[in-house]
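Step one of this worksheet: look at the structure below.
First chain written, first letter: the chains are A, B, C and D, and each begins at residue 1.
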């Protein structure tokens, strides 16, 4: 057969050709859209940032925010005592920037005293005081308010107002993450407005839809399903924001978001999806791609218990060598490259790229089919059936992997893994489930293996312990290793960074030898940003964190920047 | 006729009630937990989960929940949206007008295009034009709707830049003058409405062609022609009037199809209507929102069918006699 | 129809000649599926040739019969041709393609290749041969459609006939059920139901599609029965003391053949479309097995960079729907006794 | 078959059939009185003609007799049996003795069934004959009604109207009934064929000793067939008599007008034709008093006619009329 060069179908990437008619139409539109905005020069704040998110934010009050989008949006309206640094350091106070708190002192090993910034005011003009901080702490701790941050601040035993602008935090014991716990989880809420509302009625109270904050932006308009409009607070005590308005719109389909970015209809999306989407954006000169480390990692979790009767060990995965053999039989680097493209990375354990632990040098499991074969044969999987799968006592070496259908990346990884494991004589059946069904099956332990994805906070201790520690609430596969548990505890309670590091390293090495999962990949995330935006930085845990400092060059403004901006 | 209307109203109420019950039960049977669905990919303590469940009344047994739900419903309360911390009605109040606008535009496109094509075909059956149009309408009917949407988006949105790519209005809509707002709405409506309406146009054209051909074959058309009426008068006055009945039936039947199609179109075009809201709410296991949207969708469909039936009776008194 | 037989015979013969080594390979493989495909590939061309020859004989067709009218209907013949070719390709899939549909030939080197001679439809994200996946996907997509439509027709006709013949309360109850069924947005219903099971597998999915698709059919059939009931020949049959059962079986059902066939033919295309939409939403064939809907779904993410992945299955769905619509239209015209 | 019981073969007493029908939006439910108290009897071997314009209820009456339409009230006796009291099994047995031939020969045959099969079907259903015997029987029947037995494999749309009607007759005769309702059996046929079919029917009556209820919308056809005639108007019988006296001297103005419309073979004869004004009123709301008064051409018509409904009274032996002025009939139309 002749081997010709592949036929390529011409498919222009950007907007290549615009017909005359189209040009006329666009011109007409531009006239309509600009007619209403006078041609005044841009004094800061000016312009509009349009942000695409995939799902509607559930709230605009931080204490109820759960999704990352709601956290980013509420973060623009409400301030914490201090903001975590861009390096996401959570040990001591390194890198933290003042916000509501102007300064702080470590009074003793269990007390931090904050001095509040006297310039800080609520939108209604009231000053922000120590009373608000105390109120906020009580709010976050209150069972009826039921904030999911409640557990993260459980080491804080008391918050008291010493003066109108002095507040003291007391901790149950000395540890490295005290400052992080005092500042990262809570954003200060206005006591004078919210204190009179019964706590259980707060969640649905009218004030939660018209929040009064102290941040760089104020809520302009909120359409539940579609858009949140934020307007700059020109009197913000830390300096006026750079951009006059932020419109956050809900666009569920990432293809649509990417097309909108390319067509300059939107300015920012923190997630672009597949590498091919990222590539499309890269090819557009008006839009920049910003890579930043993600706080998530993807894994194949093994169930160590028999899914049909949890008291019995799993017939396959209770055996450590079978688990290791599966890890050795998949070419994780190839999967990462195929699925994530350039930003590929294989994790060494349950850690994400945005996590400070990422730099610790723990060896990755190598791709070594020979070693895998050796391990399987040592366990009696010596024969092979007609389809090439290993057989022992007439039983095929076969298991089912649960995959949530909502995640394209995970599905792709599963399909590649299926093929690689087939080559090693292991049958992996893929069972795609709708996200909630997948979650329920996984959480109830009704699976052989499940393809999961955990997001982490800057401090990963709670998330790692919850997912892999004995009896952890999210330990779906019932993994239990007392040595690992104690190393984890030691790492969390370490009083200096070196000690913490030693314990973390030991814990991760242990997980490598006795793997409860295959750590598949730790993605780096790509955000699309319109080129006219300057001073842009995307922090891994919160896309909105630095947005108030973003700016638009006045000579690069688009017509839509001016429409309706007061 | 009055009894007929009353009976149909009663039946419609029963249908909507049954649909609500079925949705209620199906949702709670479906795996997944509304509380867990709020915490995607993040760990959360059981304590928090339990408190949510208690405050949403999910800790009670299904029959108790059902009775409470019905009680609220009778008072016109669709319950709270779990994921948005506000009444489910708020979600619908925002989404419903968007869906109605899209559906009406799509219906308009379907019927206007379909009737014109169908009339052109039916008036000259088996002509060359008839055959060409048959193939074209078949082709349009056969295109998967989401594919059509993406292609429209790519060609007319991105390459040509004629129309915006998604959303029902621009993000800066509110700052526009009235004329600008109208133009903005129109520009956003074109692609989704075409996507949703073209498939329907093909169906309408096919049915209308058949009806027209049949009407033309009937004697009275021959009589009308014999009387020396112009071809145009024959087509418009006589044949069209008689072919209206199938069109009315089509209208009733096309409503459910529209609602199903709108889920995909709304998803692709980020059109914040009921279909998209339902899609998201199913994903978040937001029981009350899903049930409310299904009920309202069912009400619209049932009402549409009822109107179609009434029109049918008014247009053709013979049906009332049997 | 004669020309169609001839076309199939020639195409089939060409396949046999061009893919002869592959056929021999399949014969010697020993796998039952491969041998069946090889046997079909060898047998179809002579069978089509015979059909052509038989039709060529003078007087082979009584010019007055309904069959003859059907075979003279150009739309019907064209539609049948399209459907037959697609089905034929699906049956002899292993003969036409040397690639296994699920094999990832070279994950990092041969992914998303544009169409070439080696890969006529290109390769997908996983470097799998799309031509092969299309052929095997046809088995899934067409198979589901056939099974589901059978179910739709059987249930829809039964309910329609029962409601129409019985009348009264039974009719009211059944029709209100149908109204209810029509009032629930089908995609929503399927979303919720599918969430219960995930990857359903062939028959459950077909049954699900079938059981949610009969409402409209039963409406049409009931209306048809009601209009039949007004016809004198049923009164004549009743006057002759013919039992209700026989009345239904011998007098009503045969007169429903036309609407039922037309509905069925149009229904196949509809089900293929719905299955594709469902796969798009993540409910379809279990990966890595191909179905047209799955292929489109996998191509969706790459639609702007590797459009061929979704163009070919889209076109296949398009062809199927057109084919069956033409068949349905042809049947409608030919089976209408007044049309002569 | 019992030939034993004396008296008429079929006796209809005070038969009423109402159809529910609501007229206008938000109106109270009303009824359409298709048949409104008809009494009629047929002796063995005779032909009673039932005549009236369309809408007069004669077809409904014919169908009621066979219970193809369930009457609202009244009694029907067939050979001494109360037909309306029969259960479905007994009714099916009785159906062997009474049959119907419909007006529309095309509609009364299943378009999807070969005509031979259609005639054979009742034979098999009633276990009269099956297999070859049944086929022979069908061939005989075809010959008897004047059809070529080779037509048995044809479908209805391949036959002419006259042929179809002959099939319909053969089918009705297949189970050897004693009584036939002929529901305008020839009115849908071409005039040339009409006579042939009518002749066939008279021949069959003679050879098989059949009793006919012959329904027709004018008096022309029935003159040579019927022994007695009943004229219906708006669901009621307005005149009932033997053929000769009725044709000679119609006592009811409606009969007179119908009779005046019968063409006379001799074109030289001039005759005054009575043309009725308007159309038959809707049976949904029949006029008060004499139902015919709105169109009555009788010179003596007066206020009484609009208020009092005339009873059907026996004016002469076997001569019943429902007209206040039956004693002063209108002039017999010329000659």
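What we mean here is this: a residue touches a chain if its C-beta (ideal position, glycine included) is under 8 Å from a C-beta of that chain, and two chains touch if they have at least 3 such contacts.
Source: prediction; values computed, not measured.
Undergrad: Please identify the chain lying most centrally, where each chain is represented by the average of its Cα atoms.
TA: That would be chain B.
Undergrad: State the pair with the higher C-beta contact count; candidates are A-B and A-C.
TA: Per the contact counts, A-B leads.
Undergrad: Between chain A and chain B, what's the gap in Å when you average each chain's C-alpha atoms?
TA: Here the centre of chain B sits 36 Å away from the centre of chain A.
Undergrad: Any idea how many Å lie between the Cα centroids of chain A and chain C?
TA: Centres of chain A and chain C (C-alpha means) sit 45 Å apart.
Undergrad: Provide the C-alpha centroid distance between chain A and chain D, rounded to the nearest whole angstrom.
TA: Each chain's C-alpha centroid was found; their separation is 87 Å.
Undergrad: Return the distance between the CA-based centres of chain B and chain D, expressed in whole Å.
TA: From the centre of chain B to the centre of chain D is 53 Å.
Undergrad: Scan chain A for residues touching two or more other chains and write them down.
TA: Where chain A meets two or more other chains at a single residue, that happens at 255, 259, 406, 434, 436-437.
Undergrad: At least two partner chains per residue is the criterion; list those residues in chain B.
TA: Residues 30-32, 150, 154, 279 of chain B each touch two or more of the other chains.
Undergrad: List, in ascending order, every residue of chain C touching at least 2 other chains.
TA: Residues 191, 195-196, 300, 303-304 of chain C touch two or more partner chains.
Undergrad: Using the touch rule from the top, collect the residues of chain A that touch chain B in their complex.
TA: Where chain A meets chain B, its residues are 12, 14-19, 22, 25-26, 29, 32-33, 35-37, 48, 50, 55-56, 58-59, 64, 66-67, 143-144, 146-148, 150-151, 200, 203-204, 208-209, 221, 223-227, 229, 247, 249-253, 255-256, 259-260, 262-263, 265-266, 296, 406, 434-437, 439-441, 443, 453-455, 462-463, 466-467, 473-474, 560, 563-565.
Undergrad: In the complex formed with chain C, which residues of chain A make contact?
TA: Residues 1-9, 11, 13, 255, 258-259, 273-274, 276-277, 279-280, 334, 337-338, 405-406, 408, 411-412, 414-416, 418-419, 429-434, 436-438 of chain A touch chain C in their complex.
Undergrad: Using the touch definition from the top, list the residues of chain D that touch chain C in their complex.
TA: The touching residues are 63, 66, 68, 91-93, 95-96, 99-100, 102-104, 107-113, 121-122, 125-126, 157-158, 168, 171-172, 175.
Undergrad: Which stretch or stretches of chain C touch chain A in the complex?
TA: 102-104, 107-108, 111-118, 122, 125-126, 191, 194-196, 198-199, 281-283, 286-288, 300-308
Undergrad: Help me check something: in the complex, which residues belonging to chain B touch chain C?
TA: Checking each residue of chain B against chain C gives 11, 14-16, 18-19, 22-23, 26-27, 29-32, 134, 138-139, 141-147, 150, 154, 253, 256, 259-260, 263-264, 275, 278-279, 282, 290, 294, 297-298, 301-302, 305.
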